[in-house]
Each structure stands twice: as C-alpha cells, then as structure tokens.
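Letters A, B and C name the chains as they come in the text, with residue numbers starting at 1 for each one.
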Amino acid sequence: MGSDVASVRKPGGGKGADAGATFWGRLVRWGPYSALLSLIFTSPRRQFVILAAFPILWVLTQHLGPMLQMLRVSLTDSYPVAQGTDTQFTLDNYVRFFGDRIFWMPFFRTLTFAAVFTLTTLIITYPVAYFLARHVSRKNQLLMLLLLLIPFWVGEIVRTYAIMILLGNNGAVNLALRSLGLIDRPIPFMYTSFSMGVGIVYLTALYMLLPLYSALEKLPKSYTEAAADLGAGAWTRFRRVTLPLSLEGISSGCILVFLISTGFYATPVLLGGPSTTVFAETIAGFFHVAGDEWPTGAAFATIMFVAALLLTGIFQKLMNALRKGDTR
Amino acid sequence: MTKLIMNRRRFIGTTAVGAAALASPAYLRRANAQGSGEVNIWTYNQFVPDAFKEQFEADTGIKVNVRLVDDQGKQFNLLAAEAPNPTVDIVTVAGHRFLQFIDSELLAPMDTGRLSNWGNINPTFSESDWATINGNKWGAPILSGMEVLSYNTDFVSAEEAQTWDTLFSEKYANQTAYIIQDMMSIVMLMMGYDGNMVAYMDDPDKAAEIVEEAKAFLIEKKPLVRKYYDSGAEVQQMFVNQDIVLGHSWNGPAAALINDGFPLGMSIPQEGSYGFVYTLNVANNAPNADNAYTFLDAILASAEIGASMTKASGFISTYKDSSQYLTELERKSTSFPEEQLANLQFFRAEANQMKYGLVDPAVEAIKAA
Amino acid sequence: MTRGTRIFLSCIYWAFVLYVFVPLILMVVMGFKDSKFIGFPIRSWTLDWYLGVFEDAEVVSVFVYSVAIAVFSTLISVIVGTWIAVLLEGRKFWGRAAVFGLTILPALVPGIISAIAFRIYARLLGIEPGMFAIIWAHAVHNVPFVALVVMARLSTLPKSQTEAARDLGADPLVAFMRITLPYLVPAIMGASIFCLLLSFDDFVRSFFLGSYEPTLPVLIFAMLRSGMSPEINAIATVALVLTAVLGVWAERYMRRMNKETGR
C-alpha cells in the first residue's frame, strides 16, 4: 500500500500543474484507482493506519534499532566478542562513570561549554536573522541567506585548519595586527576556549540561524507597526513584541544547538587547548585507543545523551512557562 | 562516469555476494572471492607507492584495492566489526599494537617461508624481539618510526634539544606540544623506569606507582604546555604557525617538514626514546590470502620501493640499502647520529594490557586536571 | 525602524559574512602556495595543486561518488521525513510523543556513537559496507532534519485550503498532491540543501560504513596523515565550486521546468 502512494507522488511532483491536471483528472476517473481509494478511505481509522504504518515501522527499525544495539553493547562486559567466549550482562560500565571524577570533569565541562556556545551562537545569529527577516526585501532574503550557507559546504576539517592559519601565532590576524603596528609580539589565540569558540560557532550557526529566521520571517510586520503607532520606542517594540513572538524559534534553535554541541568531536580536539577536553573526546578514547572498551564508550555515550535530553527537557518547560507568562 | 558505473556494478556484486554469504558456508565464500584476482589492503596514505601498485597489477593481473585509514584504533574497530570474516587481506599494524589484534584473533601468523624476499628486510627489524609473538611472526616490517624531540632551529639550539627536560622548561612555556599517551612512556623512561613496563609484569603495585608518578609529573607541568595533540598534521601545522617552537613528535611528520625546507631539527634525547615499526599483516581469514602473499613478496622485492615509501611518509625504510635512492636532504631527515640511536629502544607489547590499563585512565586524568 | 538600527544591523550582518568567509578565502588562497604545508609566510606561488586536482582521476571519481551518495540519501530522507511530518503534524494519537522522539533521535546521537551503532546494526541486517550502506546511514541520520523543517512549514498551512479542495471533491491523496505538497516545496527544498550538505560533509559514518571507495571527507582525512598540504585545500575549493555550479544549475533547471508548466 505504501509504495502506491510513493509511486503516485513522482509524476505529480515532476511534471507540474498543467500536465498534472490532466494526469490527476485521468487518475481520479481511473477505475482501479478509485476502487483502491474507496477501500482505503472508507474509515478514518484505516486511513490513519495506512498513513502511520510506514513511519512507525521506519523509526522503530531504522532509528531505534541502532541505538538499542548500542544500549545492548553498553550492558555487556566485552565487545567485540572474541570467538569462543561468552558475554555477560553487567552494569559496571555505568558504575565506572560515577566512580571517578576524571570522567565527571569533562562531562560537566561539556555541558557548560554547550550552554555557553549555545548562548553565544544565539547572541551572534539573532541580529543576523533579524536583519535578514525584517530589513531585507523578500527578493534578496533568500540570496543573502544562501550567501551565509556557502562556507558550510567546506568540510569541517579543511575549515578547521583554515581557522588555525587564521588565528595562529604566525596567522593572518596576528600578521595583520603586527603590520599595523598594534602589537609587537603575537597574541596566542590558538588552543584556548576562544579559538574553540570560533570553530564551534561555525558549526552551530546554521542550526540556530534557520529556526530563528523562519520564526522571525513569519511574524507579521503589522504587529510592530501597531506597537509603533501606540508610541512604543524601538527597544520596547523589540522587547515586548518581537522577542516574545520569536521565542519559539529561539527555543527550538537552542535545543538543537545544545544537543548537537554535546557531541562535537573533531573541532574541539583540533582547536581546543590542554584544559578544554570535552566528553566526546573521552568517549572516543574508548573506541580509538583501547580495543576492548566499546561497552564503556557506549555506556558513557548513553549517559551523555540522557543528560543532554533531560536538560533540554527542563529548558523547554521553562521556555513554555515563559511564553505563557508573556501572553497573559 | 565509467568509474561510477563500475562502482555500481561492484556494489551490486558485493550485495549479491553478501546475500549469498548469509546462506553459504564460509569456505565456499572464500573460494568464490579467491577466483576474482583481487587483493584488498587497508593502509595509510602513500604507504603503497602508486607506481609499484600499477606495476604489480600489470605483472600479476591481481587488482589492488587500497582503502586508506588514518589511525590504528579505527583500523582495529573496523576489523573487529568485520570479524570473523573480513573483506580485507592485508592490514597495516604498528608492531607494538600486535597483541591487541592477535588477542582478538584478527591477524593470521605470517608464513615467512612463502616470502622469498623476506631477507631484503634489515634484520634489526625483521628479527627484533617484538617481532615474534607466541612463536610466530605476524607482519612484514616496512617503515620505522620513533618518538623524537623536534625543534624550530631558529629558536632552539641543538644542545637544548639533547634532553627532554627542555620540553618542560619555563623558557619555552606555552610553546610546546606533545601526545600524552606517548609522553607517558617517555616520562617513565626519563625517570629511569621501563616505559614498556615489561619489567613490572609481576609487580602491578610497582607499575601503578610508576604510572602515578609520571601522571603527577605531567599534571604539574600542564601549565607549561600549549597543546596535547593527536596527529602528525597537527604538530606540523603548529610548527608552521609558530604556535610552538619545540615538541615531541614522530620522526615521519617532522622529516616531512624538514624536506619541505622548514627550519626544523630532530633529536633522540639522552634520556632515551622509543621506536616503533609499521608492518603489513595478513588478516585472519583473509579472503584472498594467496594474493596477499604474492603482493607482500612483490613489495619487499626492491630497496627502491622502500625508498619511495620513505620519500612519501618521512618514516625510515626497513629495507636494506634503501637510503641510496634518497636525496641528500631526505637522507639527512631520516638518519640520526650513532650516539643518539644508541638511546633508542623499541616499544614492546608484552605488558600492554597492564600498561594501558593504567596509562589510559592516567591520560584521562591529565586531560581532566 | 530608525535608520540607526538598520545600519547597525546591516553592519552585524556583514561582519558575520566576513567571519564565515575569511577561513574560506584563506583556504582558497593557500591552495596556491608552493610548499607541502599551508600557512604563512607564502614565499612562492604555484598553480600545480589546482591543476593537479583535475589531472587526478581518483579525486574526480571520488567527487562523483560523494555527490551520488548525497543525492540518493537526500531523496530517501526527503520522502521519509515528509511522510513522518505529515503523520505527526496537527494529529493527536496515542504514542505521538514517542514517535516524535524516535524521529529526532538520530540527529542527537554523537557522530562516532552513531557510526559504530550503524556499523553493528548493518552487520545484524546483513548490509555489506559500501555505497548502499553509506546511503542508508546518511538517509536515516538526515530524516529528522527533514521532518522538523517540514513540520514547521506544515503548521502554517491554512486548514481551509485542504478543506476547500476536499469540498470540491478531491480525495485526500489528490488534495495532498495538489495543495499540501506544493505548499511544502520551499521547506522541502531547504531541507534537501541541508541534507545534501550533511551527507557531503560526513566523515565518521562514511568511514565506518564505507568500503574501498572513499568519499571526499574520508579521502581528505587519509591524506591529512601525511600533512595538511595545499593539495587538500585545492581539492576542497574545486569541490566547493563544482557543487555550487551543480546547485545553481539544478535551481535554474527546476525554475525553467516550473515556468514551462506554467506554475
């Protein structure tokens, strides 16, 4: 049944309206099609089952499957299993996390970093999204948004090395400052939380920009105009009208960015310093360095994931309360 | 475009084989794959010279499929995920990582009798103590690396580079970098212990004490280091960007910088250091084991092949007489004075389980400190 | 709005453009450096790295391979993601929250974890590593982004429109095809660009699920072993230009098709 819908979709999407009109007309009048439809659409219940079957099957087998497999690994004592041995189920891998502060440190650091970088990204991209959505003519909006997306086509690694030669002691910024006579010895930008931030915001900006832009773009201009008529100043208009109405975009952008930032690996490793080790590095260590520690790595990943989900859940509750408070 | 079509064909082929594989016993599948005249290799970029590869394919009709890897751990994970019936025939394992692969039954013992050119390898490497485990040879050594102290010669003198202490001196505060895992072994050596920990195999308490001491030292010196790094490309970039002026590194990446004309020097400091060897190994249950041996014998055939590996990687060839094919600069960047080489010993794997059981948490602790 | 705010905001926008473009410009410039390592100072210049990209048959075929993977995985993600969005948006049913949670799950799992999970699961399903496995993993990983974007757009669709179509005698399927789907086109386009980008840039899943043919990021990672050479910058630049050209061509092509059919 599912494949019928998919195959019908193609000609409709590709050909366009004119061809479509005759196509759809013919289709509707075509005997087997209407017979099939009357079979499907007789009851809303049957209709729903047909609509829901494929997605539910997909998320269960494709989305949940790999993660359950991971969860299973996190509960075993060894993986991959050497031939001729047995695996035992155990909670030790989880216990190990709580037993040692060398694991909590990067864990809490990661959560803190993720929060700080989320806020930074929000502060940086909000005015950009606002400008695009409210001050740029509709014709140019897409173009100027696409302009911002171009650099994201460049792979993470190549981009990260470009940031190194931008911020290095002998990098572009230091060379420029020196030739202007502003400094006589280079400023060590690299391998600090600053250089890490420069790289991370690059990765997160896109995820923040798009929800913010779509939230702000939906907001009717008449609202702020009405507020202006009522004598509200620019700042008041922003604070009382624009900001509350874009809260939805802010919260979905923040949640997405926060969750994604907890999993960053390559950029923090390459741009961070000795004191910025993140939890993803700890987790990756169990997969890269030692061979038989997949279960611990899997357990730690589960812990990180659950913690991040809990925090975003709390955040969402707060945002919802905030939004309700505003409309009251 | 033709390449894509070929890929697709190969892809259809592999899925078909994959489907058949689920239904057919392992020996049948092996016989199947063997007929296809291929050899599948996992190795580092430019370890298998292109010219050699083409020549080999032309001479034998065996197609060489190279899959590039960038890290020993990832290679292990991949192989572990494919075991016990891997798609690969030859992998590239560092000698001191042998045990991990052998314990998981991922490598097949090497039948050196099938390699007529085995004798072309310098016995320093082929007959070294680490090369024989459980009474078997496990790989054909191709390139050798070592942990060295690299320094920018514009800022650091050769005398200063004679000791690891310089790496921890106030003078070069925040201008140094090292790989912590490797540095742990070196610090143990600096302190007069056996960094391979083979000497403490019967005395785990002593071993723990030593690791603790090395860990405390590195934590104490943490304010002085600019960066704990992982890959050769990182340390090269830090030197070029002048973010560091000296650091611990492997000789390969440092040699590549020297060959490019960068003012870099290398030394094996007086406290000593460790060397390691990249070897080509036949995977356990390799689908084309015969072709793998044909390939290995061919790649060991001439010193010129060894030299071209050195040119590309900066690591030192294990082949006899390969240096005659190198330029003056390349020879300089891949050789050390006798008195420095005397300080060098190989990494050993015997105590690895105990060693890394202690060192890995210590590394995490240093990073977290 | 006052002129002052407007100028201030446009300054911020262009400062942001500068921030995202400076590393890009450095990347392009370093591709001309006559040395094996990127970085300052540049003592002499060369075209060899860029010319080398076109002479290297491997790079070209790897590029084609990566684009093919990106396109196929995006197609799957878009179909599945849209379907899920249609199911979830504006419908209340038992277990909706769970389905929604499961939908976004793959987007939230850290890269290496998801890669290894996919690898183990692929083995369980009997999927051999290779192009198909990569497409599968990318498609699954990208579904959440499509679903989220399409759901956001769907929530703004006036109900009256589909109802009007139904009143005019269109069955739900035709109503979906003629009303809902066209309304979703901007969201689907945006999501597709995003998916293409994620797939094209993915290293860790491609590495674990790939076979002997590398994707572009996998090739770059392997090349990085022997140093960050200007060659890598040249490859990345050429790939960027080629994808941009492909993108513009696809956009033009679709616009022309739409015009011809009078939309």
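By definition in this document, a residue touches a chain if its C-beta (ideal position, glycine included) is under 8 Å from a C-beta of that chain, and two chains touch if they have at least 3 such contacts.
None of these values were measured; they are calculated from a predicted model.
For the pairs A-C and A-B, the larger set of C-beta contacts lies at A-C.
Placing every chain at the mean of its C-alpha atoms, the farthest one from chain C is found to be B. Once the centre of each chain is set as its mean CA position, chain A and chain B turn out to be 36 Å apart. Averaged C-alpha coordinates put the centre of chain A at 13 Å from the centre of chain C.
With touch defined as above, residues shared between interfaces to two or more other chains in chain B number as follows: 74, 77, 81, 233, 237, 240-241. The residues of chain C that reach two or more other chains are 38-40, 116, 120, 221, 224, 228, listed in rising order.
Multi-chain contact residues, meaning those touching two or more other chains, occur in chain A at positions 161, 165, 168, 170-171, 287, 294. The touching residues of chain B, counted against chain A in their complex, run 71, 73-74, 76-77, 80-81, 83-84, 100, 103-105, 174, 181, 222, 225-228, 230, 233-234, 237-238, 240-243, 356, 360-361, 363-365, 367-368. Contact residues of chain A toward chain B in the complex are 80, 82-83, 100-103, 105-106, 161, 164-165, 168-171, 186, 188, 190-191, 269-270, 273-275, 277, 281-282, 285, 287-292, 294. Contact residues on chain A toward chain C in their complex (touch as defined above): 5-6, 8-9, 12-20, 24, 27-28, 37, 41, 47-48, 51-52, 54-56, 58-60, 62-67, 69-70, 73, 124-125, 127-128, 130-132, 134-135, 144, 147-159, 161-163, 165-166, 168, 170-172, 175, 202, 205-206, 210-211, 214, 218, 234, 252, 256, 259-260, 262-263, 265-266, 280, 283-284, 287, 294, 297-298, 301, 304-305, 308-309. Residues of chain B touching chain C in their complex: 1, 3-4, 7-8, 10-11, 14-15, 17-19, 22, 40, 44-46, 65-70, 74, 77-78, 81-82, 87, 231-233, 236-237, 240-241, 253, 256-257, 259-262, 312-314.
For chain C in complex with chain A, the residues that touch the partner chain are 1-2, 5-6, 9-10, 12-13, 16-17, 20-24, 26-27, 30, 38-41, 79-80, 83-84, 86-87, 93, 99, 102-103, 105-114, 116-118, 120-121, 124, 140, 143, 148-149, 152, 156, 170-174, 177-178, 181, 190, 193-194, 197, 200-201, 203, 216-217, 220-221, 224, 228, 232-233, 236, 239-240, 243-244, 257-258, 260-263.
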